[in-house]
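Two complexes are shown next, each including chain A; its partner changes from chain B in the first to chain C in the second.
Up next, the complex of A and B:
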C-alpha cells in the first residue's frame, strides 16, 4: 500500500553548536547485543525450584454480588498447591490507599474482589499449581455463585438516579469532580465575534497493548519476612507505596527486581493488586509464585486509557481567527476502580491551552466509575485526551468559520519569542518554536503540491484530506499537582537516582533507579558518563534494569511520564561529575598538583599542561579500593558516587489550581494526507510527517525511534484500536483478533524531522519525549474532516475512526453537524 | 485403557537433540521456554496473532504457540538462540536490526528475526512489499515497523 518506506534523513533545521564527546551521536545501542540473541531476561524467564504457576479465576459478569466461592474441587486436584480468595485478602490486607477526596476516597479496592465484582474479568480467586496448564484446569473447578446486577457502561448515564451504583460506600458513581477556571472567561465570551458551540466530543478507550503482558515471579523469605518481586511493573516506587500499607509491611520488605521489560507505555504502572495477591500466595504456600498474564486477561483488566467526553464546549473567537478562550465539561470514565485515578483529573492541566495562547479557560471535570476495566496511564496519559480536544476545537472552528487551519494555528500558537511562556494556569513552557515546526511539517508533507495531489485523488474517485496535529509532551511531573485533586496528599516535586563507581580494575559501573522498557537507558546513560569521565561509552557498564538492593532509587523512581532524559540523565550527570571530582582529588594527591590543573581524558586523569603526567583510571580504582595505605587521612574519596536529581519545583497554589506542573515541554507537529473511498468509508493514510522538538538530543536515532513508536500508537488508536463494550459490559475486543493493532502492512510512508530547542531548565538541555502527545490521532481526525467536507461537511467527533464510522459520517453528515452551532455577533 | 496424557518426544533444536517426556497438551512454545529453558522465544498473545513465538520448524516458519510439543516429535527446530554463528559475531539480520534501531524493548525481536530469516531463506532478494507481507504475522508495539523493514531490506540482496 505504500510507495516509499524509509523515513527521510532527519531534517536539520538548526545545527546544534559543536560539542566534544559522544552526546548527539548514534553510538550502537548497548541493549541490543543481548536482545537480538534472545538473551534478555524478562520476568517470565526467571525460573525457581518448586515454583507454582498462578491462574486467576475471573468474573464473567460486569456487575454482580458474589454469593459463594468454593475452591475445594480445585484444591483436591493432584498438583494443585493452593488457592486464594477475596475473603482471605480482606482479612490479611487493608484496602489500597485512595488518592481521591470523598466520594472516591471511600472506594474499597483489594487485590481480589471482596463480596462483589465490578467488571468482566475482575479477579475473584487464584489457583496455584505445578504447571501452567494444570493451574488453568483447576481454575475451571472453582465454583463461584453470582447474583448479577445491572451494569453501567456509558459514563453519560453513570450519575442518573436509576443507574446501579458500583461502590455503595461512595454513595454514587461519582469518583471525583473539580472546577478549573483561569483568566476572564466571561469577558472573553463578551469580547468574541463568534462563539462556536460543540455539544459532544468523545475520546475513545484504548491502550498501547505492550507485547509482553503483566506478570511476576514472587519469592518470600520466611526468615526475614521479605518478598523479592521479579516483575515488569514500570513504576516500583508507586507500587511500593500502594502495596506496603495494604500489606501492613515496611517498604524494605518489598524488593523489586527487573531486568528487561517487554514494553510498558504506562500500562504496567498499576499491577500492584495482582502483585499483592502473588505476595500473599508466596507466603501462604511457601513457594515461589509465577503469575504470567494472558493476552485476554490483559485486555479485560489492565490499564485502559481514560475515555473522556467533552460536553457543551464553547469557543470564543475573534473575527480574525484569534482564539480568546473556551469552556467545556470534561466527563472522564475511570472504569471500575481508581488505581492511579483520579490523577487524570489534573494531569491534563499540564497542557491546558495546548500549543496556543488561549488565556481564558474553564473546564468542569467530572470523573465517574463504570463497569469496565480500570483506567490507568497510557502513553500520553490524560494530556493526549485534552490535546485531542484542543486540536479538534481548532479544526472545527476553522471549518465552521471558513478559516485556514494552518493560519489559525500559526496565528494562535505560543510564539518562540514568548518562551519561557507562562500558561493561564501557571505552567511554564520552557522553550520551543511551534510555527517553525509546522513549517517543517508542511515542507515534508509537500504542502506546496497539495492542490495537485488533491486533484489526482479526486480524478481517481477518492476524497482527499490534509490534517495537522500539534501537541506537547509535558515531562518531569511536579507531583505537587496531586494536591489539586486532594490537598491532603503529601507528594510534591520529583526525583531520580543514579550511582557511578570506579572499581578495582578500572570498571566504570552505573546503576539507575529506572525500569526501562525499550527506552535505551543503558546507552544514553553511558554517553553522558563517557563524556564526563573522558572515556568511551564502551568503557561504561550500565547495569540492566532495576533492583531495590542496589539502593539506587528514590520515591518516584521508575520509567513513566517522559522524564528520563531530564531526571534519569540529570542523576547520571550529577553522579558522574561527583565521581570525576573525586578522581581529580585523588589525582591531585598522587600527581602532586592542584585539582584545577587536572583534566579527565582518554581514560586518564592528567595534567592539562603535561599529558605525560597522568594516572590511568584503573590505577585510581585500584588505589582507593585495594591499595590505599599511606593516603592522607582526610582524603574524602570513595569513588562510589550517588546523586539524587531533584528538579526545581514549588508547591502549586491549591486554591487557584495554579503552578508549574511539569518541567519540560517537548513538542510535536504531525501532518497526514488521507484518501477516502466515498462509497465505503475505507481510507488510507498516503503520506505522513512527524516533527519533534525535545531539546538537546543525546542519541538522535533513539529519539527518532520513540517518535516512530508514538506515531504508530497514535495511528493505531486513530484508525482501529478500541476497547468496545456492549450494554451488558462485555468487552468485545479482548484479544488481538478483535483488537486490531497496526501490522507491517499498515504503516504509511513516513518522513521525520526535528528542531532542537534546548530546555533552559534542565542539566543537559534535554526534554522528556517518549509519550509523544498522540499527535497522530489529531492529525488523522483533521485530515478526515478535511476529506469529508465536500460530502455535507460532517464533523469528526470521535478520536477513533474505523471505516464504519467514516461511512456513517458520509451517509448522514447532518447527524454529526447537529453537534455544532456558530453564534456570530 | 487410560487415555495417554504424556508422550516422550525427540526434538532437535538449534542442532542439539533433546529427548523429553511432555504432557500431550503442552504447547510447543512452553516446551521450548520452560522445558528446554530456551527463553529467547516469547509469548505475546494467546490467539496466534503476535508472532513473538515464531520459530523455524523443518525449514518452515511457524508460531510455536499454535503447535503442540508432541507435534514436534522428530522435528528440527531453529530458534533465535541458534541464529548467530558461534564465532561471537551476530547473524547479518541481528546486526542489521541493531544498526537500524529496529528494536526497542526487544520482546518481539526474536520472533521478528526468525520471520525475517524464513523470508530471506525462501526469497533472498525480497522486495520491500514482500518484506512487509512476510512480517505481517509479527506484531511490534515499539517501533512502528519502519526501522524493522529497513533492517531486513538492508540484508536482502
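Up next, the complex of A and C:
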C-alpha cells in the first residue's frame, strides 16, 4: 500500500529571514504544461528526410577474440543502408582519452569493439536501415566469429595471476590504485578501547532507470564538416572533450542540441562511444542517423553504478562510543572500460568521514576492470558507496558494542556549531545540523511509540526493525580533485553560464548552459530572475533545452553532480543582476536621477521615493533595441547580460590529497521501520521518513519531488535492484522482470520533512541536492539488522537485500557473524 | 556448467567405440535433430531443435573431433548458434573394459551458453541440460544394443 504523507505544517526548524518575492514558493512549473500535454520534444521526436535507423550488433560473450565479422548478408538485404565495424572505427578514430595514470592510461577504448570483446553486450558492429525493425532484423544477419576466452566477474579475483587479463596493453586488470591517509591512524587505534573488525562488506551493482533510454539523431553537414547531434547526453561538455580528439576534429564541429530529456541520473554522461559511432555513420552513409537504445540494451550495457567491496575494515572506538578513526581497503569494480573512471577513486573523498567527526582515516583504493558492463556515474556517484559503508560501520559498531545507534550518531555527528567544518582531508562542510534532522526523522517515524509497534508486530509473528541512514549530497565539484587521480590532468574549479536579456517588446529571455533532465531549471531560473527584476516568473521566458550553437556555455556546462542550484542559479543571478544594473543605468538617464534612487518592481524601473516616476521594462527594451537616437554616447547598456559563475576553489594539494573538493553539502537523514516474516525472509517497509536539508529552497515542491525520487531509487537498490552476473559473465538480470524497479505500489508510507541551513558559500544560500546520498539503502540495511537480531544477530553485509538474502541470514546467521570481530582492551 | 558421469554398456568396447564414432548413430541419439551433415571424419554439422521456449530454439551445431586414441578415448568440441543463444561444449569420453561384453564409459562435458538465453542462468538451464543428457545416454544405449 502506498500512502504519501507530508505534515500539514512542514517541520521547518530554521526559519529564514522574511523573504520578499517568489523564491521559496511553489509557483506552477513552467515545464509541466508541455510535458503533460505530450508536447515535449525528445531527441527521438526529431525526424529527418532519409534518416536511417541504427541497430547495434552486440557481443554474446563476456570475453572473446573476434576472429571475423561478415556484414555482407546484412548489407544485401533490401532497405539496409550500410554498416560499421570495429576495424573502420580503429582506422577513422583514435582511442578515447583516458583520465587514468598507467596502467589504466594504456587501455584502448573505441566506439566499437576492435579485435576483442570484453563484456556481454559490447557493440561489435552497427547496421543502418530504413526502419528500426529492419535494422534489428538485419543485425541478426551479421556473422561474427568469436574465440571465447575466460572471464572475470568477481573483482576480488581480478588481480589473481591466473585470471584472464582484459586489456593486454595495461598488463593486468588493475586500472588505478591510491592510498589515502589523514590524521594519526596508528595513534587512534592505540587510543581505542575497542577495535571492531569487519572482514568484508559489499556494495551492489545497480543503476537508475531513466524513463527515456539513450539515443541520438546525428546529421553531418558535408559543406562545413560539422555534426549536429540531437541527443539526451546530459553532459555535452564532457562528451565533446572525449569525442573531439577521438574523431580528430575541433569541438566547434560538434553541435549538441537538446530540448527535453527523460531522466539521466548520471547514466547519460557516458554515451560518447555510441555518439561517435553515429557520427561516423552519418558521414559514411550520407544520411542522418537515428539511434534509439532499447531498454534491454540499457540494462545490459549502459552505465552501471560502481560495485565496491570494503575489505579488512577496522574501526577504532572509545568505551563511551566516541569514534576515533577507521581503515579499510576499498576494491572498486569498474566493469570493462573506464568511461568516466577512475574518477570514482577520488569522488568518494568528498564525504570521507560521512556525517561524523572521524579525524583519522586510511583508505587504500584499488580499482579493477572486469568482464561486466562499464560503470559510469549513477545518482550519488561514488559517495553513495562510501556513505553506505560509513553508516554500516556505525551500526555494526553499535550492535556489537551494545550501544544505541541513535546515541552513537548524535555523539559523533559533526555538530551545528562546528560549521563550517573542515574534514580530515580538507573538505569544508558548509552548514547543517544532522542531530536536529535525526530528531525530526524520529518524530516523523514515531520513535516514541516504537516499543508498542514492536510488540504488535511480534504478536503477529513478525520480526520488527528500525534503522537510520544519514548521508550527504556533496555538490558543485572542484574538478581539481581529478589531479588526485592523475596529477597531469589540467582540470580544476568549476563554472556555469547564463544569459538574461531584455528584448524589444519587454520580453525577458534567459538561456542556460545546462541540459536539464527533469530538474525544472526553467522554473527555478525564472523565479530567481523574477525576484531580481521585479517581475513575475510568468514574465520570464527561459529557453527550453540547450543548443551549443546558440546557448552560451562554459567548460563544465551540463546537468550533473548536484549543482544547478549553486552554479546554474549562481550564473542566472549574476546575469540578472547585471541586467538589473543596466536597466537602472538606462533608467537614470531617462528619469534623470541617480541609479541609487531607483528600484525594480512590478515590471517597472522607478524612483523609490516616487512610484509615479517609472519606466516600464518594455520601454527600456524598446529604447535600447529600436529607439536609441539621442542616448549618451558613453552609455554602455545592451540589456543583454552574460555571466559566468565560478565557485571559489583552490587547487587541492596532490601530495597530501588534501583540499576542498566540493562547495556544498546537502544532508539527508532517513528512518525506516520494517517487518520481516521469519519463515520466508519476505519483508515490508511499514513506515518511512525522509528528512532533507539542502539549504535555501527556491521551489520547495521541486525539492520534495527529488527527495521522493531519490528515496524510491535508494529503496529499489536496497531491496531488489541488482545486476547479477554468472561466472561466465552473463548478466542474469537484464530486464524489468529480474531487475525490479520499485513501482508506485512498492513504495512504503512516506513522510517527508526538512530543515533549511543556508549555505554561506553560495550566492543564494542554496545547495545542490538532486542526487540524495542513498540514505534509504542504509536505513533498510540497519532496520533489517535490527529486525533479525533476535535470530542469532546476523550481520547485514550487502547493500542489496532481496528476500532470499534475508532468508539466508535467518538460516545461517553465523556465516555472516564470522565477518565481524571485536577486540577490546 | 561442468557435467560428468559414468555409464556401463552390456557390449564389447569395440562396439561402443564404433557407435560413438559413427556420426549417423550419434545423430540418432541427439534429441531434436532435424538434419545432419557430415563434412569429413572430424567435422559434422547438425540442425537441432532444443525444447526451450515457445516452438523450441533452433540451433545449428558444428562438431569437431579434436583428439582420439582408439578404442578408449576421444574429445569433441561442439559449437552451436541460434537466435538468442550461442552454445559451446567440449566433451571427452574414456572407455574401459569391465570384463567380457561389458564396457564402462566415463564422460565429462563443459557447457557454456551465451546470449540472451544464457542470461536465464544456470538455475533455468541446468535442468534442461540434465534432461537432454539423460535422453542422449538412454538412446545411446539403444544404439549400442542395435549395433551388437
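The rule we apply is simple: the second predicted complex is superposed on the first by the 815 of 825 C-alpha atoms of A that agree within 3 Å, B and C clash if a C-alpha of one lies under 4 Å from a C-alpha of the other, contacts with A are read in each partner's own complex, and residues count from 1 in each chain.
In the analysis below, a contact is a pair of C-beta atoms (placed from the backbone, for glycine too) under 8 Å apart; a residue touches a chain by one contact, two chains touch by 3 or more.
No experiment lies behind these values; they were computed from the predicted model shown.
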Partner chain(s) touched by A:97 [first = chain B, second = chain C, both, neither]: neither
Chain B versus chain C as contact partner of A:803, first or second or both or neither: neither
First (chain B), second (chain C), both or neither touched by A:732: second
Which superposed partner A:712 touches (first chain B, second chain C, both, neither): first
Chain B versus chain C as contact partner of A:550, first or second or both or neither: neither
Chain A residues touched - chain C or chain B, whichever exceeds: B
Intersection of chain A interface sets (partners chain B, chain C): 296
Partner chain A, residues of chain C touching it in the complex: 83, 85-86, 88, 112-116, 118-122
Complex interface listing, chain A residues touching chain C: 60-62, 120, 140, 146, 148, 296, 726, 728, 730-734
In the complex, chain A residues that touch chain B: 2, 5-7, 28-29, 31-42, 44-45, 47, 131-133, 208-213, 260-265, 292, 294-296, 517-520, 701-702, 704-705, 708-709, 711-713, 735-737, 741-745, 747, 750
Residues on chain B engaged by chain A in the complex (per definition of touch): 23, 25-26, 30, 33-34, 37-47, 49-50, 52, 79-81, 83-84, 90, 94-95, 97-99, 101, 103-110, 113, 128, 131-133, 135-136, 138-150, 153
